[in-house]
Structures are given as C-alpha cells and as structure tokens.
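Take a look at the structure below.
Going by the order they are written in, the chains are A, B, C, D, E and F; count residues from 1 in each one.
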Amino acid sequence: MSFNHRDEHVDDSMLLIQANLDDMNPEWVSYIMDKLFEVGANDVFVVPIIMKKGRPGIMLNVLVEDERLSVVEEVIFSETTTLGIRYMHASCHRLAREFEQVLTRWGPLTVKVGYHQGEMVQYAPEFKECEQIAKEHKVPLKQVYEEVRMQFIQQKQKNVSS
Amino acid sequence: MSFNHRDEHVDDSMLLIQANLDDMNPEWVSYIMDKLFEVGANDVFVVPIIMKKGRPGIMLNVLVEDERLSVVEEVIFSETTTLGIRYMHASCHRLAREFEQVLTRWGPLTVKVGYHQGEMVQYAPEFKECEQIAKEHKVPLKQVYEEVRMQFIQQKQKNVSS
Amino acid sequence: MSFNHRDEHVDDSMLLIQANLDDMNPEWVSYIMDKLFEVGANDVFVVPIIMKKGRPGIMLNVLVEDERLSVVEEVIFSETTTLGIRYMHASCHRLAREFEQVLTRWGPLTVKVGYHQGEMVQYAPEFKECEQIAKEHKVPLKQVYEEVRMQFIQQKQKNVSS
Amino acid sequence: MSFNHRDEHVDDSMLLIQANLDDMNPEWVSYIMDKLFEVGANDVFVVPIIMKKGRPGIMLNVLVEDERLSVVEEVIFSETTTLGIRYMHASCHRLAREFEQVLTRWGPLTVKVGYHQGEMVQYAPEFKECEQIAKEHKVPLKQVYEEVRMQFIQQKQKNVSS
Amino acid sequence: MSFNHRDEHVDDSMLLIQANLDDMNPEWVSYIMDKLFEVGANDVFVVPIIMKKGRPGIMLNVLVEDERLSVVEEVIFSETTTLGIRYMHASCHRLAREFEQVLTRWGPLTVKVGYHQGEMVQYAPEFKECEQIAKEHKVPLKQVYEEVRMQFIQQKQKNVSS
Amino acid sequence: MSFNHRDEHVDDSMLLIQANLDDMNPEWVSYIMDKLFEVGANDVFVVPIIMKKGRPGIMLNVLVEDERLSVVEEVIFSETTTLGIRYMHASCHRLAREFEQVLTRWGPLTVKVGYHQGEMVQYAPEFKECEQIAKEHKVPLKQVYEEVRMQFIQQKQKNVSS
C-alpha cells in the first residue's frame, strides 16, 4: 500500500545557516520562510533571542544542502534586513519514510511512517488532509487525528496477526 | 543609616496595559521602554509571542497607575505601530523598601532592602553602583555583588548581637 | 479616497481568555487560531511558557467581546486538550482606522491608517496585497513595503501643500 | 468505574498573581513552583520576558483562589527576590472531571476525562502512571500513552454499542 | 577537604545533536531529558522555536561525546516523534572542578568549585542538598544558599590568612 | 559621499561559542554582553532555554574569530557562573558595507548600506543618531527613521537619473 520510500541515511553535506534579525518587520517572516522552502531548504525555523541593547530579535535558521548555500543566501539577503549570515557544517540522520494509507470513516487518509533500522518508530497523520476533513465534516481536528491513529494501529495489528 | 523609606502597601488603582506588536522594528523597543519609564510607568517589559500567521511578535506590557493611562497611551500610539491597546485592572502589593549603605573594600555601596510585615525578606546590591565599581577596579561584577552581600549580612549580624 | 471608517473608541466589555496547554500537539495551533478568529475573536496569540515539571507548554490567549465567551469556549474545549480556561475583564482602546489607496508602480495598493485624537499616528501597507505583488512581480517583499510607504507619504504631503 | 467527580463550574473568585524576576537564580524556580502548589495554587507557570536594560527575566504566574492570596504572597516574598507582586481578578471555567480506569497490557491505568455540558471533550492518560510503566517495562513512553488512549476509546465504543 | 578532582581540559570530540519537534506532547519532555542524561548526555536542553506554518515547536539539544551518538539517537527516535536529527561537531572547554565541604549551621554542605588556569572562578552550593535543608528546616531556599556561600568565602579567607 | 568601505567576503575562521547559564543573576547579562563586545566579539546574543529540572536558563552565544577564543573565555569564566563552554566552527558571509550620509530636516544623518555582489540590498538608519534626534527634537523615533529612509531613497533615485 506504500507509494513512497526513502531509505534511512546520514547526509554529511548539510549546512545550518543562521541570521540574527533585530531591525526587521516580523510580518515578513512567514513569507520568507515559504520562499526558503521553495528554493530547497530542508527545514526553516525561527528562535526568539535577545540581542545587544536588549533588543527582542529573532534568529532565522535554515537547514540546507551545502550546494544550495548561494540560493538560500540570495533569499536571505534580498528579503531580510541582515548584513551577514553564518553557517556551520551539520550531518543529518534521516529515518526511512513511507506514506501509508488507512481507511477511516471519512475515506482513505495518509500516515507518514518512520523506520529506524527496519523498525517502525514513528507514525503521524498528514496535517493538511486532517485539517481538510475537520473543516468539511465539522469535527474537531483532534478527533480526526485520533481516528487516523486508531485505524493505523489496528491495520498494523491485523497485518501482523494474519 | 537609611535615607529612604516607603511603607508596605497595596495599591488597587493600577492598570496592566498591553499592546501586541507584529510589524514593528525591534530596534526601537529599548527606546520606547525608556520613554514609558519617563512618563511614570512602574514597570515595563516585553514578552515574545506568536501571532496570527505565525508571526514572531512581541507583547509590550506597561504597569502604571490608572490616572496615567492617557500619557502612557500617548507614548504607545506615537512610538509603536499598534492600532490599539488593552488594559486590565490590577492591584500591586509592594514591600516596604529602604536603601542602606554598607562599607566595602571599594568604599560605601548601597543595598536595596525589602520588608514584609516588618521582617527583612529581600536585599539586593544596586546594579548601577556595582557596575561602576567593576569597571573602575577591573574586578568581575559578580565579585562586587558577593562583597556587597557579604558585608551587608555581617553588618546586620553585628547590629543584632550588639 | 477612504472607503472604510471606524471612530476611535474604548470598549470596556472585552475579555482576555487564557488556556495553558502542556499536553497538546503544537501542529494544531494554527488551525485553532484560525477557528477562533472565525467565531469572532478580536485577537489570538500564543505565549511559550514553562509549566509544572519543567514542561515547555504554550498559553493560548484570546481577546474577545464578553458576549462571545461561550462560542470561544466551545472552540477551545472541543479543539484543544485543556480541562479549563480563565478570563479577565479588559478594556480595549482602538484607534480610528481608515483604509486609503495609494498609486504604486504596480497599481493601486491599500494602506491601513490609524488616527489618535484626529491625528494620523500609524500607517501600514496591507500584508496580503504586498505579498501578492511580491510574488507576481518577483520583487523582494520589503521593496513593495518601501514603495507603498513612500508613495503614501508623498501623497499626504501633496494633499497638505495643495 | 469512576471514582472521582467534580461538576463543571465557573469560579469567579480567582486571582492571577504575577511577579517579575530579573535578579534571581533560575535554579530555584522548580522548588518555588512546588511550594506554591503545596500552599494551594491551582496553577503555576513561568514566562520568559525581557525587562528593562534588556534583562532576560522571568514572570512568575500563580493562579489561586482569592482567599489564599496571603499564603501565596508569603511564599513569593520569602522564596523569590521580588520587591512586589501584582494580581488581577480572574474567573475560571473548569470542566467536569472524572478519573476512569482502562485495562491495558500492563494492567489497569487511569485516564482523566473532561466533560463540557455533559459531553466528553477531553481524555488524557495520567502522566505519572505512564511514566512508571515506561520505566518498569522498558517501553517508550509514547507507546504507553498510545495503548492507554486506544483501550480507552475501544472501551467507550463498547459501552455505547452494548 | 576535596574529594573529587578533574583537570581543566578541552574535549574536541563532542557533538551537539538537535531535533525539532512540532507534533509532540510537551508532557513527555522531562522524561526524555532524564533518559538522555541516563545514556550519558553531558547536557540536555530545550529551546522554544517557531516552525513552519507558525507552529510553536521545541528544539531538543543534546551535548554528548561522539562515540555515544547512536545511543542518544536510539532514545530520540524511540521516545520523540521526530523523523530526523542533525548534529554538529563541537569542542568543550571544561574548568577543573572540585567538590568542597563547608560547615554551616545545618551541618556540612557541598560547594562545587571551578578553577580556570589554577585560579578559582566559580563556586556554587549543590542544589539538591540545599533544597533538602530548606525543606527539613523550613527556611527559605535562598537563605540556605546565602549561608553556604558566606561560610565558603570565610573559610577560603581563613585558609589564605593562616 | 561614502567614508567607510569593507568588501563582501566570507570568513571561515569564526567560532560560535555557547554557554548555558541556569544559576546566574540575569541582571548581569547586559554588562557581560558589553564586555564581550569590548574584547572583540562580532556578535553576542542570548536565547531563553529550558534546562534540566525545568529551569528557565539562558544560553549565551558569542560569535568571534577563532584567535580571540581565549579572551572571550576569560570574560565568560570570570563574569558568568558557568563551569564550561562549547564552541563550533562557523563561516561568516558579510556583505560589503558603506556608511552614507543623507540630508534630513534635522541635518545630515548616516545610513548603513549593504551590498551583495555589487548590488544594494540593505540600508538602515543608524539607531544612535536617530535616537538622539528623536530626543532633541521631541519627535517619534519612527518618524525619524521614516524621514531618513525617504531621503535616502530619493537621493539614490536622483543619482541614478542624473
């Protein structure tokens, strides 16, 4: 039933890029994060920090393959107000991932599953799908998550026992 | 040796004023805080928050007597980017405070002392004075604090035993 | 050129509703914030906090008119994991607001303007519009903001001098 | 199977007590939180804030019935370094709560259930019990939670259908 | 009087491991931190962050010797919900540490002392011991700290002068 | 009109030094940050974190050239309470920077300009100067910023068209 697979692996060619922003309109942050994902960032997040003179700044963090450094810099320099960025070499250990489908009362929904050394260690309903179901069927989002998780576990148990 | 005294009291006429800022240059925050203290704010502080669309905003908090509401609003509306503020009624319980002097190896320094129902519960070296001593005498700031606290305690103990 | 107007006023019938969440999937937060705006919340924001046993929780804050308390509670109880909420009475002082249009190199764009006692104290480009222009015309978002602000100021100055 | 019950209710006699701490050893925080719970606080939490001169302080928050104000103050004044506290009147809306037991592969475990207007809206495994099972049986804590939640739902469904 | 000694040194074989968590129950954090210390982590801490779609996530940080990477990963993958971790090489400069005992009014208590290039730069009462004394003798924790620090300094001064 | 120039460059010999502080008086932080800038730190900032036992600590971050490691350590060990620091190798990409002057209604003021591959991407009024003008002329700081930015853009446009 899986329709996607990536093997567990370690990627040693990653960079963690950081830029401290103490003079930028925070309204722009979500737009900038989206743009960074578009140019290939593996992850983007923001950390509230305190900078010199007690300024409540934010530290932009971008995790990306080293070969994409320059396109990420292009976005940061053109869209934020920073005069410089820094980066550190990082290694990423990523689990094997599969997307499996489970049958729920609202039809089939996707679960993202993570495997460590061949063993399932994570499974999580896909947010976007659950959000859409919650809206359409006017049920609490947490109930959609619960149903998806329940059905997934029961499906797994059936597969094991059969 | 005390040269200042305020009795312990409860003040029921305080307001906690809050403004959420999601589109302001954080560089301006320290300037704005200073201005708010100048017009009589009892306390000013800033809380990192997450606003709609995931914006990393800040919530400005001003604690002030209700009769100064309009002057504080004047500063907030003219210096920040907010289109509105909110406020809640608050009561402040303030300890009796005295400023006492202790003799240290660098001369006399001030300790702010707090009394709850007649009993000493707090004492703290004055930051500004300690900072100046640390700079002048090229000693770690923490050592200045330690010395002031030590001398204060020993002075207190002498007063008790004599 | 204005097409919307609301007078400056103080609204004394507001509530600040708070719920501490220490056992909820943070993925759901943006969905919940959207839902709270839908049922009439004036503002919704989230504060990172530390709860008992060192749990990194979040405090959900909803600012709303008191008559909408129950619909907000309905959303909080059905969509979050909390077993209780608290609320405090608050007053909101809101500036007079107008939406004005300015002519930019990309066509007319909106500026939200705030007036305090008849005097203009705030003006801010509309995020959504600027974001769309930035995407369509492939220009940095900050440049769109700058252009809108520039044109707005120059238009104001012309009106004054003519 | 329930062995505890409290009706849904609104309590209008609560206080939210706050103290800003900018000169206290953060090591003491957990101890102080424990003490505040001991003297009857309904909730205690801490918010990272930025105080004057850019100090990274913390705001201590205590939610408590108004008649316990003085015992809470006693703890705050004797255990923290603050020279004053503030408090605001608050109302608490608390769900009806029941503790139910479910049978899991590790024996019976407790689920805390919340009811809003007679309808179940929350259920959560008891942390302490799950933690103990995870340690004893050397299984991931998240697996214990999952099992408890699964069994609880299935038990509920059986009760409904029978 | 010392009963433990480690020389000042730099350890170049450390890793800083990070995992961003945006879909995990924060209740589990303290349990996971404890487990990471058990398998040999030198330090574990958590940073509040803002992730994509404005999610209020947390970044788990583990500082550990590189040879323990896999046991730390084992805990992270089995106990958290992450699908991947990253790590960066780090060097740790650790001061020489001694545990010394001082005689207080409540009996002997321990002070952890740090030496940089042979000179004492840090000394701190042991939290656990002070907490226990505070509970047993019903004295404020801050008073226990003060007494231990006082006695330690006086003891040091005596040793120097004798 | 420029009176300062530094070319765009990448500096691969930087260190990001970090120290977790869970038992230090936060009052000292601004003093310590100032001292770190004095001994040559390129940047200093503080991150609110949660440490073991739920302690609300702070992580001090210092970005500095590797040859200044020992002077930075000297400040950290003598002024903070930490028993160890860690550092990671980092590369800094810094834009070309020029300081240009613009003529405003309050006289000439400085703008810091950043160039990426020969193209202007950033410009920012100098905070200290604007702050001084705001105080002297009793105008809102944000108005000073606006004026400086306006004049700068118009000056640039004139240079292009002439």
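What we mean here is this: contacts are C-beta pairs under 8 Å (C-beta built on N, C-alpha and C of every residue); 3 or more make two chains touch, one makes a residue touch a chain.
Being a predicted model, the structure only gives us computed values, none of them experimental.
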Shared chain contacts [subunit E and subunit F, defined touch]: A, B, C, D
Shortest chain-hopping distance from subunit B out to subunit C: 1
Centroid-based (C-alpha) most distant chain relative to subunit E: C
Identified repeat of the A-D interface (over half of residue pairs identical), from B-C, B-E or E-F: B-E
More contacts between chains, C-F or C-D: C-D
Centre-to-centre distance between subunit B and subunit A (centres being mean Cα positions), rounded to whole Å: 41
Subunit A-subunit E separation of Cα centroids, rounded to whole Å: 30
Interchain centroid distance [CA atoms averaged], subunit B/subunit F, Å: 26
Subunit B: positions in contact with at least two other chains: 23, 25, 27, 29-30, 33, 46-48, 50-57, 78, 81, 88-89, 127
Graph class of chain-chain contacts, one of line, ring, star, complete, other: complete
Interface residues, subunit D side, partner subunit B - complex: 20, 23, 47-54, 57, 59, 73-74, 77-78, 81-89
Contacting residues of subunit C [partner subunit F, same complex]: 50, 52-56, 146, 149-150, 153
Subunit B to subunit A touching residues, read off their complex: 22-27, 29-30, 33, 46, 48, 51, 53-58
Subunit E-touching residues of subunit A, taken from the complex the two chains share: 14, 16, 29-30, 33, 37, 43-48, 61, 63, 88-95, 97, 112, 114, 116, 121-122, 124
Interface residues, subunit D side, partner subunit E - complex: 25, 27-28, 31-32, 48, 78-81, 127, 131, 134, 140-142, 145
